[in-house]
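In what follows, structures are represented as structure tokens.
One chain, subunit A, links the two complexes that follow: it is found with subunit B in the first and with subunit C in the second.
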Partner chain A sequence: MKPVNFDYARPSEVASAIRYLAQDGVSAKIIAGGQSLGPMLNMRLVQPDLIVDITAIEELRSVQDRSDAIVIGACVSHSDIEDRRVPDVTRGAMASVASGIAYRAVRNRGTIGGSLTHADPSADWISILAALGADVTLNGSGGSRTIAVENYMVGALEADIAQSELLVSITVPKLSASARWGYYKSCRKTGEFAHAIGAFLTDPDRGVSRAVIGATETRPFVMTDAAALIGDGRNPERVFDQDAVGRLCESLGMTDPIDRQTHVVALRRAIERAH
Partner chain B sequence: MNTVSLIANGRKVSADVEPRTHLADFLRDTQNLTGTHLGCEHGVCGACTLLIDGAPARSCITFAVACENAEIITIEGLDDDEIAAELRAAFTREHGLQCGYCTPGMIVSARDVVMRLQEPSEHDIRVAMSGNLCRCTGYVGIIRAIQGVIEDRRARGIAAIPGGGRTSLGPAGAGRAGAVARASAAARIALKTDASETTPAPSHSASLSADWKPQMSFNQSFVVSHPVDDVWRFFGRIEDVASCLPGASLAGAPVSGHVQGRIRVKVGPISAEFQGAAEIDRDDATRTGRISGSGKDKRSGSATRGLVGYAVKPGENPGETRVDVSIGYTLTGMLAQFGRSGLVEDVASRLIKAFVANLEARLAHEARGGRSETLSLPVRELDAGSLISSVVFGRFRRLFARLFGRN
Partner chain C sequence: MKEQGVGASLPRKEDDRFLRGRGEYVADIRMAGMKDVAFLRSPLAHARVRGVHVPDAVRGQVFSAQDLKGVRPIVAVSGLAGFKPSEQPVLAHDKVRQVGELIAMCLADTRAQAEDVAAQVEADLEELPAVHDMLAARRPDSALLHEQWGDNVFLETFVDKNFEAALDAPIKVTRVISTARQSMAPLEGRGTVAFWDKRKEQLVLHTGSQMPHIVRTGLAECLGLEHGQVRIVSPDVGGGFGYKGILLPEDVCLGWLAMRCGHAVRWIEDRREHLTAGANCREHHYVITGYADRDGRLRGIDCEATVDSGAYSSYPFSACLEAAQVASILPGPYDFPSYRCRTWSVATNKCPILPYRGVARTGVCFALELVLDAIAREAGIEPHEVRMKNLVRPEQMPFDNITNKHFDSGDYPDALKRAMAAIDLDAIRARQQRPEPGGRLIGIGQAIYCEQGAHGTSVYAGWGIPMVPGHEQATARMTPDGGLELRIGAHSHGQSMETTMAQIAHEILGIDTGSIKVVHGDTEYTPYSTGTWGSRSAVMSGGAVATASRELGELAKGIGAHLLQAKREDVKLEAGFVVGPAGRVSLKEVARTWYLRPQDLPAGVDPRGLDTTIGYKPVRDSGTFSYAAHIAVVAVDPEIGDIEILDYVIVEDGGKLINPMVVDGQIYGGLAQGIGTALYEEMNFDTSGQPLASTFADYLLPGPTEVPAPRLEHMETLAPYTEFGVKGIGEGGAIAPPAAIGNAVNDALKGLGAELLHSPITPRRVLEAIANAATDPAKVGEAA
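Coming up: the complex of A and B.
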């Protein structure tokens, strides 16, 4: 269980990290906390020539508080969010979800940007951030681009990132006082990757109503206008149509009835246990 | 080699190690700090848990080079620690250990729980300790020991410290040192060869014994906009079928249904190349076929056996063909340890979608009388995540509108 012998670079600036990644003929891989990549390297499923450690880049370990959103650096760890060293703008949603990611020893090193880029469909950030309507910002040699988090993941373990690009930050909108959110994941053992995830957000003051079915075999199913499904967030359980959601999952390729039921129930429980 | 300097149990230490050396090996092999145990070595069992800048972390998936200047505390460094001393007494009292292999990691994690959680229930403690596996005790004694220490400390007026007192952001241990330039390793890269180009495909039988049962199975189906006769005929041309599978190549022409070859699959950062053999049967009367095969990926030490059944039948609309595919497989080795069945299905579905795109292009080209060598297939490499998801998304929006009368 030892990785192949790779080279290591630890740049202190984003531009210099991108230069390492853009080199021709070198298979380079970014590492932040290494909590997903580490096991894959140890098992030799990934055998890079070069590992580029981005944790010395100070801007990636920082947070900017804007009037309508908070911008979280890609290398901020799960426990930073769990412990609210990152100011909470999501009425506790992010801190609550962070506290359920894997185990504390993993959360102390695993990062939000690493989790999103690893693009495991069963991971937590992709689902809750899609419900919250977050964006991700990537820098590359050609400049910077910002996309919705649900579009960042394109399939199991595939993120929309070029070899010479680096995810630098995640922008999470500030919820208004009337916002309600819910998150439920189905795990047989604590800390394991989820079998099904349900998440939703209603923020009537901002005109936002979103629902997510996550931990599918691929990218999460994101409903960006979910008012018909969850109502105005006051009594969502009265509006929730279990059969319609089941048909929706089926039409998206979730053919196994048990799998489908697990996902429908995850969303229902997210709504029943709303905060 | 990189020189790594850090503080281990209060002492400044340094050693020349390869970048791939994880923190546990650094401490055990260069500092003789063998109290840190290695169990699974991929971040699951928790035996290697130690403190990095005061926070518990997995030393088997943390590279030593990434901890430059960090303060590491192992079980050896907790001899005089107040909480650890109380935990040791409680573990002894409650029979919180038997073989002792998990104990260093248990004590480190337990110390963190005692420090951070003010009044945890038994359930809270079980959840907080669930990242540390013990195969002897059944956990009852361990949980009782931790519970006892917490109750005792709170009774003595010692409050928990939420967050363990951390103030800096980012992975524990990071940010203590500046930039490190890449060491030149040109010689090593030049020595690296692609195994697939130097190793011939192994010659072995692909047939599966009659009682073989797949570990996993699933069905997929697709529709091709060409007549059923054309599609069935095409499926008989094994070399052409293989050419439509991105990443697949045959080692030679098929001989009486037996064929050898390889397929390269890339999923995110993982790339695997399975080399192997397959047996192909076809039944013209029922228009069904079976492909049984096995292959090995030398790079990851993984092996697979599988059985693919397919049935070719007329589609809903005239001139269309529906193909039902059933896939059963067994995967062993590292890929199996990492993979979950859902990921395999997602890859299979990407592969099938790419195959269908190529098949359509090929059949359309042939229908126009084109020669196969003049055709450039639409999908040559399987990194088609974006292609597939856009299709799914389009379908999804339409369906949502239909179900809920809005969009």
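Coming up: the complex of A and C.
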């Protein structure tokens, strides 16, 4: 289990990284923390000509605090968020979720942008950031674009990113003081990939109520208006209709009843945790 | 000085090196000019090999079966009647019978380059129907692995002891119970570094091995060498658990190559090879019926057991040790009058099944103990009461059970009593009546087993496999400075023998353990031994070290008596001194005299000096029987299927404990593996025989957060036939957890009518069992 021979570049600027990626006839892969790409290289599941290491790009490690949101560089590590080196604007949601990603050794190296771009359905950021209403910004030779996290992931291990594009930052809106969130992950052991994720956010002051069913076969299912799931929020467990959510899961292609049950329960528990 | 001897929790001599990262494993070995090997392996489970195409660019770096002319296949027969032998080719020709089977050996300067070479070699394979299910493999219409057999059964066994008498029992409980295929997954995988020593005309093969002498025999046979032409060196070993007791085709390939290529060659197994191509164990299927009276007294057990033995009979343990043992150990620590058991060792297109810590016992314990709890539920009495009614009682010891196993000593009911005393059953039963936060369900489960260890000649001669343990030998040799060398043929793969063997010698000779060096893991320097397996090293090598140390003490006394001007019969050995009526002389002085000042010795001095090799067998060689009672308390989340272990109690009797701390470590490690079997580990195959777990993302092992700190209690009933009363306990921790946890889960779910009968007990299986019980209560217990 050793990689094929490849070239390696470590640019210090985004523009330079994009030039490497845009070379004709060169299959290039971006590496940041390498926590998924490393094993895939070793198993020769990917056999690139060139690895572009983006960890020397200062801009990608920076964090900007804006009035309504925080902008997190793509190479910020899970442990940076877990340890709150990144200011928390999510009432603890991101730090809490970060602390449950894999193992500390993985969190020290793995990055938020890498996780989103790798687009593993069972990973955490893709689900919680969708619940929080975050956006991602990509730079490419044609310029810059910003899209919602839930639209960034196209399918399992597939993100909406062109060969010459680079995910540069994630913009997370600031929650109001009345916001509540809940996250529930079902996995068989500490650090293991999730088999079901439920994520929920209600932020009445901002008029936001979002729910996510994650760790599916494909990209997470995002309800951008989840108010109906919880009624007025006072007795969500009475309003939450397991059968209705189960039918919803079925309509999304989740045919296995055990799988459906696990996802429905995960979402219900996420909602319970928010209250 | 007692604190260093037998019974002392002496810190391990090995730890300084291990904890500082100074251990030396096969992959740490560097040799000038050494090159790496990667193998082209079969991507198919069952196929005819039409050819191997090697591009010109890499010719000379690639070796296939047609190059290895004269190399014999690996053959491990069994002497049991009806056994059908297989020939495991070193490199495939004719057919491949498992995914991962070796097709070509590729050589390059680095492993990455060797893998590049392997990627260019093409195997022309014609796919055949794969045999992936051991039950279907027994049917007459199944595809055949070894056509000349006419079926897929390595061996069928049958035993019937007065079975008819059980048939009128009022309680009859039948269950279909199975355990998943597993992988041993030691931290260190397999690996081999080999070279040809021109001066000694000897193949030197470094490989992490539990049994270097057996590997030498097997390798010499395959390569047509004399034993003197093969030296096996096993350096530090990062866990073996049975996998490193096996002669692999890779070893033979590397040996063949090293004899021809003029430089050292290396193969280091990677985790994908380990999981998919090499290390497989444990897959059992039982249809088992317990017959009992209304009060829970067992009348009999009837069982049909099938073991998925994989494609080949592996060397030296063979393809049928597992199933044949099932028949002999299924009755467990219980006394009942009727028994019938039929077993099949079935060939399938999977890796050969190999012995793993606990060997057949883990599956057997799971099957029998789950049935006992089912009987308890049927009879409406507490499970521990059923066990108490049927356990062999201390006054029956030593006890010959229904399959003629000779239980040497112990108090099985007391072990269970102590474990129950550590758990407040009434409080748990009361708690079960109240709702838990989050709707979780609480359950308690027990399991008790006895473990035959240190099997001797009489036991293994009956199996008739290539390896039969005889007298275990040890060398004890003093050095000129008064230190002691102990040489044993067993090898530590985590057993702490550098410490415990020194403790035994210290107990007898009084030499400081810091001055005692244990030499093991090298056929050149150690007496012959079958090695470390079957919970035998403490008993067998320990017994040999004790015997050799006593002999050495006698030799030292002879010299000491002369130095003290005393009669030989008037001196004794005490705390490192030869003590006479009027003075004493240290063993150091004795050694110095023998080696450095022979002029001070009389002409008639015993010429054996201070060096002896001697063999040992227990007074009776039918094995020691350690035993333990395990109790688990679990919480089951019936909505999502999660299981949390809330409490775990183990009461273990290993006879005299040489080093209680080391024994605790053995039990903790075994428990972790037992929890893996119970809840996590599973090597699945699809219908075309493809293994479905190739990394630890798919093959789940318990980690620190999944293994609770058990509450551990020791009993020390001395074994009647061994030195110091020691019993083998190395495997025990891994035997009972699946049964104890399984019973606890079933206790938690009994109100829902759900029952789990397949390990590992995954969240999905829990939810399926609950769903099945809700839709069709009549089918409970039938789903495999």
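Definition applied: the second predicted complex is superposed on the first by the 270 of 275 C-alpha atoms of A that agree within 3 Å, B and C clash if a C-alpha of one lies under 4 Å from a C-alpha of the other, contacts with A are read in each partner's own complex, and residues count from 1 in each chain.
Please note the rule applied: a residue touches a chain if its C-beta (ideal position, glycine included) is under 8 Å from a C-beta of that chain, and two chains touch if they have at least 3 such contacts.
The structure presented is a predicted model; accordingly, all values stated were derived computationally and were not measured.
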{"item": "Touching partner for A:171 - first (subunit B), second (subunit C), both, neither", "value": "neither"}
{"item": "Which of subunit B and subunit C A:2 touches, first, second, both or neither", "value": "both"}
{"item": "Which superposed partner A:139 touches (first subunit B, second subunit C, both, neither)", "value": "neither"}
{"item": "Touching partner for A:252 - first (subunit B), second (subunit C), both, neither", "value": "first"}
{"item": "Which superposed partner A:43 touches (first subunit B, second subunit C, both, neither)", "value": "both"}
{"item": "Touching partner for A:191 - first (subunit B), second (subunit C), both, neither", "value": "both"}
{"item": "Partner chain(s) touched by A:261 [first = subunit B, second = subunit C, both, neither]", "value": "second"}
{"item": "Intersection of subunit A interface sets (partners subunit B, subunit C)", "value": "1-5, 39, 43-44, 189-191, 193"}
{"item": "Residues on subunit A engaged by subunit C in the complex (per definition of touch)", "value": "1-5, 39, 43-44, 186, 188-193, 195-196, 257-258, 261-262, 265-266"}
{"item": "Residue ranges of subunit B in contact with subunit A within the complex", "value": "2, 18-20, 22, 25, 41-44, 46, 49, 52, 55-58, 60-63, 65-66, 109, 112, 126-128, 130-132, 162-164, 166-175, 177-183, 185, 188-189, 192, 219, 267-270, 272, 299-301, 334-335, 337-338, 340, 342-343, 345-347, 349-350, 383, 385-386, 388-389, 392, 395-396, 399-400, 403-407"}
{"item": "Contact set on subunit A toward subunit B in their complex", "value": "1-13, 16, 20, 26, 29, 31-35, 37-51, 53, 55-56, 58, 60-63, 73, 75-77, 79-80, 83-86, 102-106, 108-111, 118-119, 121-122, 154-160, 189-191, 193, 216-219, 221, 223, 225, 227-229, 244, 247-248, 251-253, 255"}
{"item": "Residues of subunit C that touch subunit A when the two form their complex", "value": "110-112, 115-116, 119, 270-272, 639-642, 679-680, 694-695, 697, 700, 702-703, 705-706, 762-764, 767-768, 771"}
